[in-house]
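In what follows, chain A forms one complex with chain B and a second complex with chain C.
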Partner chain A sequence: MLVVSLIVFSAVRLIPGDAVDIMFQAEAGSSEQRDVLRQRLGLDRPWYVQYGSWLGGILTGNFGASLRTGMDVGGEIFRAFPVTLELVMLGTIIGSALGIVLGIVAATNRGRWLDWLIQPVGLVGLSIPNFWLGSLMLLAAGLYFPQLHVVGFVPFSEDPLRNLSVMILPSLALGLTLGSAVMRMTRTSVLEVMSQDFVRTARAKGMLEPSVLWRHILRNSLIPVITVITIQIGVLIGGSIVLERVFALPGLGRLLVTAIGERDYPMVQGITLLITFIFVMINLLTDILYRVLDPRVKLG
Partner chain B sequence: MKRGTSMKFNKRLLVCAAICSALTAGSASAQEMCHGGTLSAGYIADAVGLDPHLSTALNSELMFQFVYSGLLKTDNTMAVQPDLAEHWDISEDGLAYTFHLRDGVEFHNGREMTADDVVYSFERIISAGGAFSARFSDVESIEAVDDLTVTFTLSRPFAPFLSVLATTKSAIVPKEAVEEHGDLQTHMVGTGPFKFVEYRPGTSLILERNEDYYDETRPYLDRMEINVIPDEISRITGLRTGELDFIQVTDPLSLQLVESDSGIKTDVVSLLRRNLMVLNVNQAPLDNELVRQAITVGIDRQEVVSLALGGSGEPSGPFPSGLAAWALPLDEVPFYNDAPDIEQAKALLAEAGYSDEFTITTYAAPQYASHIPVAEVLQQQLARIGITLNIEVIEWGVLLDHWRNNTFETITMTYAGRSDPYFYTFERLHSSSPGNASRVSDAEIDRLSEEGMTISNPEDRREIYNALQVRMAEVGALVYIATETEQFAMQSNVNGYVGMPSGGRNYLAEVWLEDSCK
Partner chain C sequence: MRQLGFLRSNAMLTLALIVIGAIVVGAILAPWIAPYSADQMFARARLVAPSAEHIWGTDHLGRDLFTRVLYGGQISLMVAGISVGISFVFGVPLGVLAAYYKPIDNLLMRILDVVFSFPSVLLAIFIVAVLGPGMINAMIAIGITYIPRFARVVRSQAVVVVEMDYIRSARSIGVSPLGIMVRHIGPNIAGVLIVQLSLNFATAIIAESSLSFLGLGVQPPWPSWGAMLDQGRLYVELAPWASIFPGLAIFLTVLALNIIGDAVRDRLDPRLRGALR
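After this line comes the complex of A and B, so read on.
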């Protein structure tokens, strides 16, 4: 994480364009006047001092103040994070559920019309960029479901119904891409396991088909699926950045994009650091999940 | 849309119902007495901090402007009007400005506003640093003569001073609110027509009627909700489903889409902001005045309007036409003909010794919708006079870097418009101004723009600026192209909205809803 923090810190400063110059836009403003502002923001200090004070702040839970608004970066992230988290979680749930169910249906109906129907849908789902899908959904919702709220995000804790009504479309748009990937993986994996000897043995000893599917096939075919899901969560976080803009959700992605455009260094650093941390945590979680699904995998 | 149900609201409704039913008989002015209702607006971008003195973004102004008042304000013709100052005197030498404040104005926290608050607010503006503070660099002292009188003393005459005071950033704030919250970035206390209720960053700003506003009949609305919806389709969907009453529309095609809806009306506002090409006079071949004149005369401004600006906008000379009191008609400005003069352009290039084709590069950024399309049309047009325009698309922050450091050949961009000619002349072209991106240094421009800044007699000033506009066209460091427009769409019951050439939303505070009367 220390290395990451240094990379993040230098990367945002390597982008050409200067925070103070962007604040002045294309307005007059002498170099003295710009220096006054630079001094007020602490950008006149040497980089290692800035890095040191930023790192020191983080260790005590202080992410610094936004260059643009002077507001606490930690507070802003804290407010935006739950929105992105909810979006990614709903997207993951929708995507995994859809993908696994359709994948099993396709696999057990291999070669029949259901399989032929599901497969191309999966391909299309993978190929369509989710922001475009999101825009289409919005247009359709405006025409056919005017009762769905498309604006005015409220936190889940305040008005769960309205919150879900706002979140349903972006979650669907996000989940469909994941669903397609999961579906394809599930289908392949289930087919592979189905052709193995222990499945034939299970059937031969007279087990009922549902229980063969549930106890033997699924359990053994889910490990690659879990891998796909966790890898795709990274893609989902990326996708949510664009979708948050399309659906006007006040999440991390929107905060990050705005901050980059304005060279709001502390804000970009804080968000990037948090996202890196989440990635590391997800990888850890994946390893733990493997063990739950397959007791043969040892921890450590 | 939520409706207020307080006792106060009901009482007003009753009064209104009585008056309105008495006066309805087809009279629109009778309906203007309608109070009540909530306006739900859809903005493209969120504020970048709400503090009028610390925030630098126009998007912030579009939100905090309803909560604050200044000494002066501008109307939709960009003329200065009294606000918290009822009247003012300017000393003979143009150095002392004395303002007489309105009596009995209260901040939203209930405390009466006095001259001390004015002094405090302007000291805060000056110490903030930034482009706006720089406009006060000639202020020597600010003094509260008594509770209702304030005097500003300048170190040299500065004719555009009133127009600086009339911008929304010259807001009067109470000291105790700043001290309580540290700054006013997330909390607002002013003297304006609306009071702050709640701000959810990235989502919405909620305001309610200031019952103690100094103008007793205003505002008409009970509540205003400003929603931040960056995506155009979302805004339009919100308007069509009735969740929103007022939205900004950026794409002319989307405007046509909503225009066909019944119950929705649209408004196109002509802005002072205009597209222009900034030429670097330090780089050959643009160091040659004749080459710059050839570009100026060879461009078809009307074609740029129809091809790149969706047909809305107007060809612009040195001053935008919206600056009506000052702008010369284009036929009185050299090189700004109605139609492009290809022959003259080629002759000028030949005279300059550039009869062969040559290439220049322009930077443009996708930050604003018009910049790249305008550059593309210019590319076609300049090809006709033998200049190959090479468009390089770069990020806005990088572009500003080049702009400030004079490391470019040309930049295709927009300059914001303001209400006084000073901002188009001294700030943009005086050899000492940091806003002079072309780095032009012309003795006549310097002399005239200094005179225009210090002489406040309107007649003399007009003559100075007439001569200056001609000289600006001859020098040609900035090639002005066309003004921009802003488009709005609203429910048909939204009345009283007038667009501002400055891009401000001042008149949203004046809006009344037709059906809130029934």
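After this line comes the complex of A and C, so read on.
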């Protein structure tokens, strides 16, 4: 994590042009004015002093102040984070549920019409850019369900129903891509397990088909599916950044894109660090989950 | 059933190849096919619905959308192509080297694992954050992000090939390592590379359009499918065509590339050929 923080910090400093120059672009200030502002923001100090004070701040829970607005970065992130979290979580739930169910249906009906129907849908879902899908959904919602509140974000704590009606479309758009990937993996994986000897044995000893499916096939075919889901969660975080723009949601993505445009170092650093941290955590959880699902896996 | 599946997938493959061919030809021949020039604005015809004059309508500045989607194809395909080219040029040699020299293998694959574990769109966004928004930086960002994909696939294939008897014979008669890599390992991994090129080209197109959509990639007034979608976004209810057609272009391109990649992979993998059809 320390290495990550150093990489993030130095990488962000490499951005050409600095916040002060950008701020002054509109009203051309003199170079003295610029220097004064740099001094006040602490941008004139050598990089290691800046890094030290930033790292020290984070350890005490202080992410520094935005160079642009002067607002507390931690506070801004704290406000935006739940929006992205909700979006990613809903997307993951929708995508996994949809993908696993359809994948099993497709595999157990291999070669029949249900399979022929589900497979192309999966291919389409993988190929459709989710921000375009989002725009189309907005358009369709405007045309056919004008009474639905699809824009104008409200926190869940204030008005749960209104919040869900705003979040449902972006979550669906996000979940569809995940669902397609999960569906394809589930189908392949279930088919592979179905052809194994122990499944034939279970059937031969007179086990009923549903319990063969649950106890033997699913349990053994879920591991690759979970790998896909956890890899895709990263993709979902990326996707939510784009979808937040489509649906005008005040989440991390919007904060990040604005901060990149304005060279707001503390903000970019803070968000990057947070996302990386979440990512490391997800990878750790995945390893633990493997262990729970498959006793043969040893934690290294 | 198997016969039917084979026929069906062949028809799909043909269709996909035709679609890709049409899009590429359309993009290359844009200056000759397009009814107008890419930046020509019709001040009296802003956000006009599709008509005989503007078959896909116009955008908020009165520019002909059919024209811009054609020209946008040039840029989107070029950015995706160069990105994939960058990752190919760096990724393939890295993969072969790793397979051939064991000490490099461990170190290199560790590093690539770390890069790979990070979602590519996010990584690309961060790289663009460092380099600054723009078309060339977007290509570099996507290119770097995709290097591990090529390196890993190539390595996993090449590791098997390196152990084959004919490689050992080649080595024993004094063929240089470089010669072995180029002449013996190369042809053996070509099939897998075609699949990777096709599938990664598809995701690169989505990555480019995502970056441009966020305003971090191709900058206006250049037409790129993603940037066009971003501009159309604000007028989606007034002028849905400004959002529909560029998106449709992305979707069809990616879909066709995915179908081609899938089809080639199925042909190459005898295990899948029997089991999944």
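Assume the second predicted complex is superposed on the first by the 297 of 300 C-alpha atoms of A that agree within 3 Å, B and C clash if a C-alpha of one lies under 4 Å from a C-alpha of the other, contacts with A are read in each partner's own complex, and residues count from 1 in each chain.
As a convention for this text, a contact is a pair of C-beta atoms (placed from the backbone, for glycine too) under 8 Å apart; a residue touches a chain by one contact, two chains touch by 3 or more.
This is a predicted model, so every value here is computed, not measured.
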(Q) Under the stated touch criterion, which partner chain does A:V242 make contact with: chain B (first), chain C (second), both, or neither? (A) second
Q) Is A:F153 contacted by the first partner chain B, the second partner chain C, both or neither? A) first
Q: Scan A:L138 for contacts with chain B and chain C and give back first, second, both or neither.
A: both
Q: Identify the partner contact of A:E76: answer first if only chain B is touched, second if only chain C is, both if each is, neither if none is.
A: first
(Q) I'd like to know which partner A:G261 touches here: chain B for first, chain C for second, both or neither. (A) both
Q.
On the A-aligned overlay, A:P250 touches which partner chain: chain B = first, chain C = second, or both, or neither?
A. first
Q: Once the structures are superposed on A, label A:I93 by its partner contacts, choosing first (chain B), second (chain C), both or neither.
A: neither
Q: Starting from the residues of chain A touching chain B, keep only those that also touch chain C in the other complex, and list them.
A: 15-17, 135, 138-139, 142, 245-246, 261
Q: Quick one: which bits of chain B touch chain A in the complex? Just the residue numbers, please.
A: 42, 46, 48-49, 51, 54-57, 129-131, 133-134, 137, 183, 185-186, 200-204, 227-231, 233-238, 240-244, 367, 395-398, 400-401, 403-404, 413, 415-416, 427-428, 433-437
**Q.** chain A to chain B touching residues, read off their complex
**A.** 15-18, 21-31, 33, 36-37, 40, 68-71, 76, 79-80, 135, 138-139, 141-142, 146, 149-153, 245-248, 250-251, 254-255, 258, 261-263
Q.
Under the stated contact criterion, what part of chain A meets chain C in this complex?
A. 11-12, 14-17, 110-111, 123-124, 126-129, 131-132, 135-136, 138-139, 142, 188, 191-192, 195, 234-235, 237-239, 241-242, 245-246, 256-257, 260-261, 268, 272, 275-276, 279, 283
**Q.** Residue numbers on chain C that touch chain A, as the complex places them
**A.** 1, 5, 117-122, 125-126, 128-133, 202, 206, 209-210, 213-216, 229-230, 232-233, 236-237, 240, 243-244, 247, 250-251, 254-255, 258-259, 262, 275-277
